[in-house]
């Protein structure tokens, strides 16, 4: 009797185990946080150097359209206007998401509503393979197939936002699809039965109930896809043309933040203005990625409140 | 459907040796006051049934008894076990749960073999001897009246068992730990009648050696197996007495209405 | 707690191991360096254009000199120069003079020229022009001419593909051709391979490439009726060329010096350099300095 | 429009979209394999690369890719497992958890070149690791961690709450419940997560150019001492992976058969990823069976 | 009274397991019929055959005849969508859509293409009144239906079904997930509408069946044991098993 009393009032092996386990997981998450913090610190300090050390005005950086960091303009100011790249990055990202979303939703609905068993069996590996193809390979296929195709169908050189969009479309498709599948699957089965029992067709059920309930999840999926597209470098660099020009259309060569960063970073020296300017581009990428994530969170919360 | 007077209760003291008791137990989910002042005594080596309609708080109450509500709700009041209040911070909840074990409404065997379902927790508690483990497996499966059905398939996945078998495996799993008290949360409600009957038989046999507290929405089940029955309604314990009395001469209007099927 | 389960052991051991590796790696590699005197490690970083040559030479060199470990990496000329300057690597490979690179204190660095690379304007095969004057070439790259018919070809839009800002190839081309004028904004590619691919597949394109990347799928242009040949480079009749540099910080140490000497020896200069499409430094009849002044040797 | 007609049209459209996606994949795989397989031979797989002569192979690159993958997983899996368990089982629902989640997500969408340069400056230069497999593996860990953490967290969440209750009610500690019951049940999901992230590791190039380097010194496959600089197991040596090789051959390659090497290497890369998927799937099924049934 | 639904020798199996072994039951217009029996006896399964909700489950095979006003429900040319409009269903768990109350109730009408705002308004109000929930929600028509209590949600679900004006309303243990007060409100609702609709209700609560139904069918292990007027069944059951069940000997 007293033994039990003692057991109950004192820590046991299980208590130690739990502390031990808790310790380990805290250590791991702490390590991950440390990694993130160090990389964020690194990029932020480098990226801000353009404005603090080189005294470039932030407004000029964001609104200027001339990118030539190694040269000075007539007034002796460095020419670093990142607007063309910002615009292009946004264009390819948004367009890629716009093109990919219907396909992703189609596939997701097929996998969840139309033919769950067969669909998952066939399409799950398809999605995983699309993820598995390296971006270098996407880039070269884009360069040797999509660019000539665009050139022949629309004229021009073939390089430009359209080519970038088409390559990115395939690259973000798996992300949007698999996240959409998750959110559609999360719609409770009884919504579907309720709708069908009221005499709705399958499409009416999908359209009016399933998609409507899954909207926050689907938006999240799209934003995650966009954030992937925004950060993709190698594949885009190969097909976008890398001309730092305000894009005039979908077919003229242009340059995204990542492509400029990848192209230029090896040819500049640490600590110089051209190098710092490139890090400022990286900082924009980082901030955008943050914005995308915050958006996802807000949408997620809204969606949660609804339910 | 009328509102009842929750101040009028009929709760007896148990004249036998006690397994455990609660004093003024209250449960809050956030702002929601789910359980009001429940003070009940549970006899040793008897079956006590907790009955009441859905949402009456009987499951919530049961889950407090081995601190399974720790993470989801705030529990106030005393839970007395062996002269100690086990609802305090310095109590080792893992030890509590070794002595006060629980079977849930939905059968939840581990995704392991039948044998491992039983031995898993035993091994973690330091029993390494193979013979001892085998003995415990056989004993507990026999106690749960499952042995004959599975003795040749001990190394097959427990997920292949039928719902009723899986539930008896879950009971065996608890019994193997040789707990003091068994808590059962509607153990038969998800099962077919034949399986449910087998579970009842099992409980009747276990009664010899264990103190059993069972939540059920099936009044007939309670009347068949329980020695004492408590009636819960809207977060209050309104009546607690010998089972027979509850079902033949209830003292409280709400109990009477419930057992005669006026609601629920 | 004698016997932890499979998972917790993995988690524990690996997590601790990783942390140790993260913290301890700097010390472990340092200690390795000091303990092995015979095992010399030389790292050369920088120009991707120069990389194949140095890599091959290093591989041959290591076969003859056991115990020397030479690691050759790309990363771009800017990376090469800034890393050799900080002392992180022994050799910085560069396509341009250190003086031409922003942010490099050229005085600290010692230049070792190991090869000469000639560059030529190249066009897609459908372009009928095969010779341009220097002025016309400049006109095209500054945006003055936008159609091939303006320089004597057929009516076809000129598509300019430039090289990445700051790259050695572009610096060489601009100093020889543009003479300080500003290049038209156009597509930029930073690698010879990609440019080769783009020019050979896109009609009306013009760009420029190192000699070694000129192949049968595209057309090299003569400038002022001078053909882009090695012989013309050695006499500076062909103006668009540059050195390949291997920089060291101050005077190189013994092992590095020995390797650099090997790079300058006949074994490399007379075979490897030429096989890779470069021009041997020994063949040059002229020299060029950082401010592009050419003088007879 | 009649509701039945619209139902049929919508179903048709969905089938069409699915067919398009399938066609895209078939085209991609077909293109890579048809252009690449003719260049793949035993010689191609087993000989080392040539800088400027034709007839080079990809033996070292292939091995390096594998080795790097294994090393990356060894580093990132335990951390991701710990973090995944934390987020799924221990993390309180408050703003700190929110910040951690966001941070992990941000990490996964950083452009790889940025991570590569960060790794270069920190590990290669500051920590004196030099261009090495280890530096490469750490850089890849940056990508791998968020993906892996997220997928492990999700797989754990998919395991029914009933299982946790069962473990706890038997007096097991939470840690034992998680590692002994929840984790095995989540194993198939975790494995899928590993496959997906492995694909990305295998195909990553930009981050490795600056960390693992882009040269593949000849190594001795008979030397099993990882401390020896010539050993194939040495992880302080520079190593060019298959994806980096494809990139290099395409951008700066001066070998006469650059195009053939690039398409051949791409085909090998895809085939390896395919095999990897297949194997891991089988392994997952086998492991699940083993864990759930006979010991 | 005319029989609205007739069924004869209905067998149903999931894969190789037969769950219904030949059930023949007829339902009369504007009556409440209760199906009772212990868990797993097949009462819900049978109910779900009547509006073909079992079609959604893989591997289900159904044989025998089921007719709605003389027309075979399982004939190949039957329009399932139309059938489900005529035979509405309320489920065990309250399952309103995550929309406003108004949108929930108007859902079925909108599906049918009704666009006229007046017609919608009127029908929503009528249905909510029939379901005895109007007073509680009339000021919150545009609030999310999920913000109401379980009992209110269930009555909104009843209103949602009534809005489509079906001929038959199936209810699958509509009160088993509710507290006693809400349950009794649902019962009131059913008593309210019994003269306009044919109601078939599955319940595990015998007292509930005895309170509200006109006829009761007792099912056990996939067989129909007894089917008779409720009063008679609860006082003089024909079958011994029925009396055992009613006396709580099992179940």
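When the chains are written out, they are named A, B, C, D and E in that same order, and each has its own residue count from 1.
The rule is simple: contacts are C-beta pairs under 8 Å (C-beta built on N, C-alpha and C of every residue); 3 or more make two chains touch, one makes a residue touch a chain.
Listed by chain with UniProt protein names: A = Phosphate transport system permease protein; B = Phosphate import ATP-binding protein PstB 1; C = Phosphate-binding protein; D = Phosphate transport system permease protein PstA; E = Phosphate ABC transporter ATPase.
Nothing here was measured: the structure is a model prediction, and the numbers come from that model.
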Minimum number of chain-to-chain contact steps, subunit A to subunit E: 1
Touching subunit A and also subunit C (Phosphate-binding protein), the following chains: D
Highest C-beta pair count, chain pair: A-D
Euclidean distance of C-alpha centroids - subunit A vs subunit B, Å: 50
Centre distance in Å when subunit B and subunit E are each reduced to the mean of their C-alpha atoms: 33
Centroid distance [mean C-alpha coordinates] between subunit D and subunit A, Å: 18
Inter-centroid spacing, subunit C (Phosphate-binding protein) versus subunit B (mean Cα positions, whole Å): 77
Per-residue overlap in subunit C (Phosphate-binding protein), given as positions that touch at least 2 other chains: 8, 11, 15, 18, 48, 74-75, 79, 86, 190, 194, 197
Sequence positions of subunit B contacting 2 or more other chains: 94-96, 99, 124
Shared interface positions of subunit A, touching two or more other chains: 13-15, 17-18, 20-21, 24, 27-28, 31, 201, 204, 265
Those chain pairs that satisfy the touch definition: A-B, A-C, A-D, A-E, B-D, B-E, C-D, D-E
Residue numbers on subunit B that touch subunit A, as the complex places them: 81-84, 86, 90-92, 94-96, 99, 124, 126
Of subunit E, residues touching subunit A in the complex: 51, 53, 56, 58, 81-85, 88-89, 91, 93, 95-99, 107-108, 110-112, 144, 146, 157, 160-161, 164
Residue ranges of subunit E touching subunit D (in the complex, touch as defined): 79, 81, 111-113
Residues of subunit D touching subunit C (Phosphate-binding protein) in the complex: 51-53, 74-75, 77-79, 81-82, 120, 123-131, 134, 138, 175-176, 179-180, 183, 209-210, 213-215, 217-218, 229, 236-238, 248-254, 258
Sites on subunit D touched by subunit E in the complex: 3-4
